[in-house]
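Here's the structure we're looking at; comments come further down.
So that you can tell them apart, the chains are marked A, B, C and D in the order they are listed, and the count of residues begins at 1 in each.
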Amino acid sequence: MNLLLWTLTVPLLTAGIGGLGGPRSFKELTMVGGLALTFGLCLATAGDFLAGSTPVAFGDALRVDGLSALVLVLCGFVGLLSGTYGVGYLRRNERRGLVTPRMRREFYGLIPAYVFAMLFVSVSNNLGVLWIAVELTTLASVFLIAFHDRDTSLEAAWKFLMLGSLGLGFALLGTVLLFAAGQGHLGEGLAALNWTRLVEAAPQMHPFTLRLGVVFALIGYGTKAGLAPMHTWKPDAYREAPSPAVVLMAVGMLNGAVYCILRIHMISKAALGPEFSGGLLLTLGLLSVLIAVPFILIQWNLKRLLAYSSIEHVGIMAVGVGLGAEAGVFGALLHMTYHSLAKPVALFSAGTLAQLHSSSDLDQIGGGTLGRAPVASSLLVLSAVMITGSPPFGLFFSEMTILRAGFSGSHVTATSILLAALVALFCGVAYQVGRIVAGPSPDPAVKAPDPERFDIALATTTVAAVVAVVSAFYLPAPLVALIRAATQVVWGTP
Amino acid sequence: MVGLVAVGLPAALLIRLLTVAATLALARRARTCRWVALVGSMLASLLTVTVALEVIASGLSVEGVLVRHAASGIVFDYAVTPLSAWFLMVLGVVAIPTALYSAAYFSHSVVASRIAVVGTAFNVLVGSLEAVFTASGVVAFLCAWEVMTLATAALVATEHQERASRRAAYLYLVMSHIGTGCLVAGFLVLAGQAGSLSFSALLSGHVVSGPLRDGLFALFFVGFGVKAGVIPLHVWLPEAHPAAPSSVSALMSAVLITAGIYGLYRVCGFGLGVPDQNWALALMAVGMLSAILGVLYALTQTDLKRLLAYSTIENSGIIVLGLGAAMMALAHDQRALATVAVAASLTHVLNHAIFKGLLFLGAGSVVMATGTRQIEQFGGLLRRMPWTGLFFLIGALSISGLPLLNGFPGEWLTFQALLLGFTATPGLVRLNFPLAGAMLALTSALAAACFVRAFGISFLALPRSPAAGSAHESPLLMLVPQAWLATLCVGLGLVPGVALRALEGVIVSLPGLQLTSPMAEGAWGMASGIGSFDHVVPGIFGVAVLSALAFAALLTVRREAVARRVPTWACGGDLTARTEYTATAFSKPLLMIFRAVYRPRRQVDSLADVSPYFPQEVRYRTEIEPTFERYMYAPLVRLVLGSARGMRVLQAGSLHTYLAYVLVLAVILLIWLGGTT
Amino acid sequence: MIPDAFLTIGASLLQAGGMLAAAPLLRTAIKKMKARLQNRQGPPLLQGYYDLAKLIRKEPVRSETASWVYVAGPRVYFAAAVAATTLVPVLVAVAPLEAAGGILLLVGTLAFGRFALATAALDTGSPFGGMGASRDMTIAALAEPALMLGLFAQALAAGTMNLGVLVRALVQQGPSWHPSDLLAFAGLFIIVIAETGRIPVDNPATHLELTMIHEAMVLEYAGPDLALVEWASAVKELLYLTLLVNLFMPVGIATSVETEALFVALMAWTGKVFLLAIAVTVVESTNAKLRLFRVPELVSVSLGLAFLALAIRFL
Amino acid sequence: MTANILIFCAAGMLVTAYLMVGQKALFTTIRLYGVQSLLLGIVATTIAIAESRPELFVTAALTVTLKAILIPWFLMRTVDRIGIHREIEPFLSVPASLLVCLGLTVVGYRVSTGFQEGARGVGHHLIGVALSLLLIGLFLMVTRKKAITQILALLTVENAVFLVALGVTSGMPLIVELGISFDVILAVLVLGVLVRRIVGRFESMDVSRLSKLKG
């Protein structure tokens, strides 16, 4: 059984064991251990690829090229992070006696399952398989959103499921149409839906059917990615889901969805040139960035704030791809990488603050958290600086790359709009974060939040922060190689 | 020496990095932490200053690579050109004493408890300024620029429990980011045109032309103007500078604004090719406006640090005015004239940094001693803080542009530029120059009034509050830096030629400038550079004044022996602080005369119980209208937030609406695709 | 070289001394003429000297709240005024210290003196000092631009900012009956009135606190300190008048240092200054003092005149 | 012959969709969905026979058993459990809805003209119907307030997709079909569970009440 299959099996097994039951420490151990192993396997697989071989399984249905490897590694990384943080997260709730057996089962079962689904997405070389995998991520995440079983969490879950399923319906239609467009050039059987073959056949495809397929597929997977105007489920889901799950959503699922979009883009580019799908992505991307602005300016909830920020970031990636320049694609992938490194810090520290104040609403948290929870607050500030694309951190460089590509290309207006939105977003985030972090602490007699403990969750956050900061300038060379390889995959095909 | 110069800058930045690391590591041990941070900063600054001086002396740029960003393949390279070196030197001249001062100052008040953060931010700020002045690539520059902004914001927010500080920090961030946005756009468009990210290619002067060029100029003007604090982009400055710890305020007022000036020079003045006449007009207009309004607002402030902040706006205006004159000259191909103007404004950059740094440090000592920033609460400090008082007086004399001190050379040269400009430029445009001259004269006269008030009310006569009465002189560690800066004030006032001679090397390195005749007459004198229009040798005149002083002393010395001290006559009553003339009263006449600018609102309620003619108590409060804040920015903010609130309906919580978005999108796209085969 | 230096020093000392000597006379003369216009006897012509002599012999009486600034004030004011005299050509078309600087230095120096005196005035804690300082600085601030523009008009006409060179150039050109001369002159005359604290801007004779400006500023001073202030003010006044006459009607000024030339120059200078003094007197006795807040209007008139002078000469 | 059957069935599916729009009783709506799925099954079988594609039989069988029998049964059971039988007033009145649906149908047909001539002489009808069905399903999701109806609408969209699949291709690769069907069941189960939880908490299936999360 080859490495690739192991990479997928381990998290699945972890999920199985976690879902079954057993003493807490055992579950914790399995989850962390399993996810650590998974990450290791992801690295190994990526290593294999960098070594020159292309890991495949199920007759090319699963295949690891540069793009897959990149997404795989990133997903594995956040999987591990959210696993370790998750342990601390649940412990905190246990201490408050908020955890039912159902919750334990769901938590230890679904988190690894979710990770599995994401990895599955990232390695599938086949439109059909991809669709199934994405559907799995949806199903895995629904109950994580409904985890706390509050009115609002049910609401969020329902909205997510409805929009998600609709999106998947569209995606399926897109898949079908792409398949139809290539009829007679793709051959029979499962392999007919492989990227590799689709991209080869693309030039002969029936253009109209292809266009229609691309449009539907983009709407479909755009829903998962949270591109406006299909983004509406995101804020709700982020607010309701437990932070570890949110991280998987905000990084893993987002990367997965972007991965799908890129695949579709590749096909469309091979057949119609970069303008068609590029234009669509550019429009939707700009829309996403713009829609994030007002809602961040007037936001009332910390986790919703971060949801809008990830809508912004997926928008930026879309714009980067849509610019139709290699630099843009590279910038987008770099952005994806740095976003995956920076976002967890933000979500984790925000999650900690939310748990300490048993609410993620800004008013509930109140001002002056620097006094109450120095570590979490400092990390929140740091991450805010990072996710707003300020130097000297990674996202600054990726945004620079994208903006430069935009301003040197034919999309100056669009890029200017993007830039303006970025400025506005910085102001918004700075205001909202400053609002809770700075200022005098409210009278402890009025509200006494739990004291901050440096537990495993906070430790994870710190580690994540260190990684993010260091990687800003010293991104590991293999990772850079992966990004370049991925760029080749997306752009290289003439 | 040469070897040192070659590695000086990277070494300095390395030292800063290590200092920052050490500072954070020692966070728990406040005292050690403080010393490490500031000594480290001083060392690094020393290094950069040596590099700067070497470059100025030799006139040869030093270039190199700081670091590569492997992931994006962006290279951070630096180049210490003579122009950079000049600003680098200015930075060092202020940064070193400031750091020394801080070593004592940071041991007090709120700062002590946050020393790790403050120390780090201080180092990052100075380091990023050095990087800004020396970066030779777009990304490196923007990176440093942003880091500078963030570090400053952190310092401004040091006392974040105070609402004012938070507000100031946020206002600063927002304004800076609008500016940075413009810069990013400008630089990247330029880079797109030039196909390169390095300044040498970008700012060669013939990358763009036509309307695009004008558009870029506008972008850069706004972008750098925000940092330079010119009106109407100044709103953040009077909030942020006072909020920061005083020594940091000194750094901000003295050097941070020159980052904007540097940008204006590097890009607007000499980076986009031969300036357009309209650009020059824009700069001159903004410069005049900033100078005159800045000093007018300064006049009415009762918060000492705010007063100094506004006077920073004024001086920034004078500097920009000089640059504007230079650009006007270049637009008419008057190279010699442009040289004079550039010399004027760069000289003022240096001198302003020195005396403004001195004044802010003095203000810091006073604030520390009295625990307030309100001038009305001071009084009689000269007896209690003789040295601080003396140094502040020297600073006040300098900033009023009086001869024998270092405020004079800059204004003198600016006047030369303006007068020569009047004769050298054709057409109606030339009328700007005498207008600017009159404005400058008015500005410096008002500045004198402003600082007579600031010094007189704060340091002379009787204490106006118990706090002022019990004030104590600051420790030696805080006096030495002031002494050093005060010495520079006098020194550069008496021998302006020294600075000017150094400057000549910088000037010739700028494209399109050439010296027809040397402007420095030895170390002692300055000449107008063109013909024998004017020249000045403060030293000689100093002798004359001194001998006249001696004569005066001689006349009166005979009776000094029998000098009597008597109480001041207070119309029969006894003299108390209440009978003294207040700062508000002092500026009242000007407030009334410039009513149109201030639009003052006064409110007098006299509480009388028996008869209105015998009031028990009279409350008087007057405030001037914050014109720009109220009529320019407030509506903007209202608009933005209003529309943001309006957008809420998009996310009103109804799943059906959300689904409808998808439906609509799908239908639109389907119709767009149509059925065309 | 050395004799050169000595020459300069000697000339400077002579001129400074001469101005110092002549200044009190001018003041008294104006007082006397005023008195005559009001059908009063008026003081003897040497009254100024008597006053100074008396004041200098008095014991210095100072406020106990005041610091060293209070003592330094009058001395610096005096020194500035005296030093300033060496920058202006009086009898000879050469300023003794023209090597040191020109118009800007002159104006700067006088501003220095004002700064010192105004600061000192705030030192006693008496409300009058503050009031006077405030008003004096206000008027000075308004006057300065007009003064400078007026001088610039002449300077640009002659193409130099150095008073010595300027006067020589004017002499060389001979009288240019250019209207801008008249405008500039009118502008400067108003400023001189304002700067020397004459009616209608200020009233040197009053001690009514509502109307005092300069007087209020120096109200606390007595004895030698007061003597210095009075003397310096007198010198300043003479300086301004000299400046006016030599910049606008440099007739008779000596271009060489022969005795008769100097004698003629002395006569001419005295005559011209005397004429201006009469003008000042007439203005003083025919006008009422303006309210403080009307002064800006007056000053703005002179600013306008000076600007016009520049404009019509060069457009 | 084949062509007629196909077009007839497709038209039938569209009709069921229209009936759903005009319908308020939950049971009827569910039955209509069953009928729709059945017709889809027939389409599949017809093609299977006409083009002798054995794997399409599997598809057909799956469709019929799952969508025509299992899912309706499951949903009815859910409705019984909850005991709410009538749809409440939708956002849009029935006539208005019907008008909108007409518009959507036009769009669908217009777009379908873009496809290359279908293999089996049914022209673009199948696709036209399918696309209209898709849009109408989506429209139902938008206008209906009951959780169950929204699920049905979603499933209608699913059917539409399958119809397209049958119309423009001769069916997807089998394994993909299987995977998809499996996912559909899973989705429906999850939906069912969620609906139960919602009803358990809100004593109602009116999802329009789920609007606490704003901004």
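What we mean here is this: a contact is a pair of C-beta atoms (placed from the backbone, for glycine too) under 8 Å apart; a residue touches a chain by one contact, two chains touch by 3 or more.
None of these values were measured; they are calculated from a predicted model.
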Between chain A and chain B, which partner chains are common? D
Chain whose average C-alpha position is farthest from chain A's own: C
In terms of C-beta pairs in contact, which of B-D and A-D ranks higher? A-D
If you average the CA atoms of chain B and of chain D, how many Å lie between those two points? 69
Round to the nearest whole Å and give the separation of the Cα centres of chain C and chain D. 101
Centre to centre, by mean C-alpha position, how many angstrom separate chain A and chain C? 79
Using the average of all C-alpha atoms in each chain as its centre, how far is it in Å between chain A and chain D? 31
For chain A, which residues are shared contacts with two or more other chains? 158-159, 162, 166, 208, 212, 235, 295, 298
Residues touching two or more other chains, restricted to chain B: which are they? 648, 651, 655, 659, 662, 666, 670, 673, 676-677
What are the residues of chain D that contact at least two other chains? 111, 114-116, 138, 141, 207, 210-213, 215
With touch defined as at the top, which chains are paired up in contact here? A-B, A-D, B-C, B-D
Per the touch rule above, chain D residues touching chain B in the complex are 91, 104, 107-108, 110-116, 131, 135, 138-139, 141-143, 145, 207-208, 210-215
Considering only the defined contacts, which chain B positions touch chain D in the complex? 648, 651-656, 659-660, 662-663, 666-667, 670-671, 673-677
In their shared complex, chain B is touched by residues of chain A numbered 158-159, 162-163, 166-167, 170, 208, 211-212, 215-216, 219, 223, 229-230, 232-233, 235, 291, 293-295, 297-298, 331, 334, 337, 368, 370, 385, 390-392, 394, 396-398, 400-401, 403-404, 406-409, 412, 415-416, 419-420, 422-423, 426-427, 430-431, 434, 438-440, 473-475, 477, 480, 483
The answer for chain B against chain A in the complex is residues 67, 69-72, 74, 139, 142-144, 146-147, 150, 157, 160-161, 163, 166, 169-170, 173-174, 177-178, 180-181, 184-185, 188-189, 191-192, 195, 197, 640-641, 643-648, 650-651, 655, 657-659, 661-662, 664-666, 669-670, 673, 676-677
Partner chain A, residues of chain D touching it in the complex: 111, 114-116, 134, 138, 141, 147, 150, 154, 157-158, 160-161, 164-165, 168-169, 172-173, 175-176, 179-180, 182-183, 186-187, 190-191, 194, 197-198, 201-202, 207, 210-213, 215
